[in-house]
Amino acid sequence: MAVKPLSDRVLVKPVEREEMTKGGIYLPDTVKDKPQEGKVIAVGVGKRNENGEIVPMEVKVGDTVIYAKYGGTEIKEDGETLMILRESDILAIKD
Amino acid sequence: MAVKPLSDRVLVKPVEREEMTKGGIYLPDTVKDKPQEGKVIAVGVGKRNENGEIVPMEVKVGDTVIYAKYGGTEIKEDGETLMILRESDILAIKD
Amino acid sequence: MAVKPLSDRVLVKPVEREEMTKGGIYLPDTVKDKPQEGKVIAVGVGKRNENGEIVPMEVKVGDTVIYAKYGGTEIKEDGETLMILRESDILAIKD
Amino acid sequence: MAVKPLSDRVLVKPVEREEMTKGGIYLPDTVKDKPQEGKVIAVGVGKRNENGEIVPMEVKVGDTVIYAKYGGTEIKEDGETLMILRESDILAIKD
Amino acid sequence: MAVKPLSDRVLVKPVEREEMTKGGIYLPDTVKDKPQEGKVIAVGVGKRNENGEIVPMEVKVGDTVIYAKYGGTEIKEDGETLMILRESDILAIKD
Amino acid sequence: MAVKPLSDRVLVKPVEREEMTKGGIYLPDTVKDKPQEGKVIAVGVGKRNENGEIVPMEVKVGDTVIYAKYGGTEIKEDGETLMILRESDILAIKD
Amino acid sequence: MAVKPLSDRVLVKPVEREEMTKGGIYLPDTVKDKPQEGKVIAVGVGKRNENGEIVPMEVKVGDTVIYAKYGGTEIKEDGETLMILRESDILAIKD
């Protein structure tokens, strides 16, 4: 069963912290809004601007992204913990 | 008697928590804005943008949706508890 | 003496709670923003968008509506308690 | 000496509470934002929208209006207490 | 040395309270945002709207205006206390 | 080494308080948002409006300006304390 | 592995405080939003305005910038601490 994000939302599978020891992002405990890394699983069609046109998405399925965790909503699908974020909560793509 | 949501609102019948043991969404008690799952019963015509045009809805009757509970309003019709949400409070469609 | 709402406002006569025992909306005491039911008595011409055009109203006189009570203002006319709401505070039409 | 409201502002002479015993508006003490009734003395030319056009006013001199008191500013002219409000703080016209 | 207000700002010389005993505005001590009266000394060119056009000012040099004191900034020039306000903080012109 | 402000920002060299005894601006200790005077050292190109056009700046290098101190950021360059402000934080030009 | 900022975001390598003793920016301990200096490593394509057009970036790779630290997010890549900022959090370019 697939989860299809609405509007400019993105479905992300977070990278486990254990996997981030080498070259991964740093998560200092004192920073309350910690950036996190994840893999894009699905993307929405994009939001509409005031002229009614769909704004194209910058991220695509398969991208590794750095995102601000606070903006998203955590869901569990088939035992996996996933995040649904707006694209504006994604800071950068790693490639 | 039918309930017809206004503007970009959506009428949703929540899926009972008991039905979500397999492959359903996870509802951790510590997360205050828990995502929830439901079936779309009725949709509004869509809101108007600044040019006066109706913005088409992404969800349709029959869709199973994941939504942020805090945005909606709970009503009871013919003994059933239903939610009225704006489409922007719906995170994703499951199919 | 008639009350003519301005802009996108709507004059609503609330349905008494005693009349809502059958098929009416549920008003849980723990929910602080309780939805309510009423009859539309009068509607404004609609608000103007940024292009100066009047946005047509979705509700009309005679509609039974479900509305969020917090948004409106209570007035008393000829001994009757009425509500003046913006259309955006009306969640749905029942028909 | 005349007071000419700017933009979409309206000068209103409030109706004294003593005059409101018959068919007047109800002012419950528990409601903090009490609606009030008054006579329109002067109106501004209207505000400009984003295209630079003046948005026409809905109220006119002589109208009896119901308004939300919190939005306005009380002034005293020639011993009279008057209110300066934005038109958006006026809920309805009585006629 | 002249002070030229920027954008839609207005330079106002407040009328002293002692001069307001006859027909002046009323300043109740319990109201925290007291309206005040003043003479317009200088006006900005006006602000630009989203289309890049300058929105013409409604007030002009020499006007006696009623303004909300909280919005402005007090300056002292050549021993005189003056106020710099945005035009939107001016409620009305007296003439 | 030159500092080039971005967008609608302005680089200002504050006038020392000691220099403001004659005809300068008054800085009452009780007012928390004190206006200040300074010389414009550099200006940005201006911000873009929604149509993508650069909005021209009103202030230019060499202007003496009165500004609201709270909006700016203090930096030190070559031993000098300078302020970087948005043009909207500048209240007036003195000439 | 490269980090590609999204929208109008910029990847900045902060200049160490030890390197700022000569002609660098001053960081008073009492100012809570301290400006900081850094080198631009990567820039996003720019954000889209309401017409769907990409707004060109003012900063480019290699620029030395002064930025407000509070707006950005700190990440660690290959042992280096970097900042991801929106261009609007960058105050000025030094050249």
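Note that the chains take the letters A, B, C, D, E, F and G in the order they are written out, and that residue 1 is the start of every chain.
Everything that follows uses one rule, which is that contacts are C-beta pairs under 8 Å (C-beta built on N, C-alpha and C of every residue); 3 or more make two chains touch, one makes a residue touch a chain.
Predicted model, so just to flag it, every value in this text is computed and none were measured.
Chemist: Please report the minimal path length, in steps, between chain A and chain G on the chain touch graph.
Modeler: 1
Chemist: Using only the C-alpha atoms, find the rotation that maps chain D onto chain G and quote its angle between 0 and 180 degrees, to the nearest 5.
Modeler: In degrees, rounded to 5: 155.
Chemist: Rounded to the nearest whole Å, what is the centre-to-centre distance of chain A and chain F, using the mean of the C-alpha atoms as each centre?
Modeler: 40
Chemist: State, to the nearest whole Å, the distance from the C-alpha centre of chain B to the C-alpha centre of chain C.
Modeler: The separation of the two C-alpha centroids amounts to 22 Å.
Chemist: Can you work out the whole-Å distance between the CA centroids of chain A and chain D?
Modeler: So the centroids are 49 Å from each other.
Chemist: Indicate the residues of chain D shared as contacts by at least two other chains.
Modeler: In chain D, residues 50-51 touch at least two other chains, as defined above.
Chemist: What's the ring order, kicking off at chain E and moving to chain F?
Modeler: Following the touches around from chain E to chain F and onward: E, F, G, A, B, C, D.
Chemist: Touching residues of chain E toward chain D in the complex: what are they?
Modeler: 23-26, 28, 31, 33, 35, 49-51, 53, 55, 58-59, 66, 68, 87-88, 90-95
Chemist: So in the complex, the part of chain B that touches chain C is made up of which residues?
Modeler: 1-7, 9, 11, 45, 48, 50-52, 73-78, 81, 84
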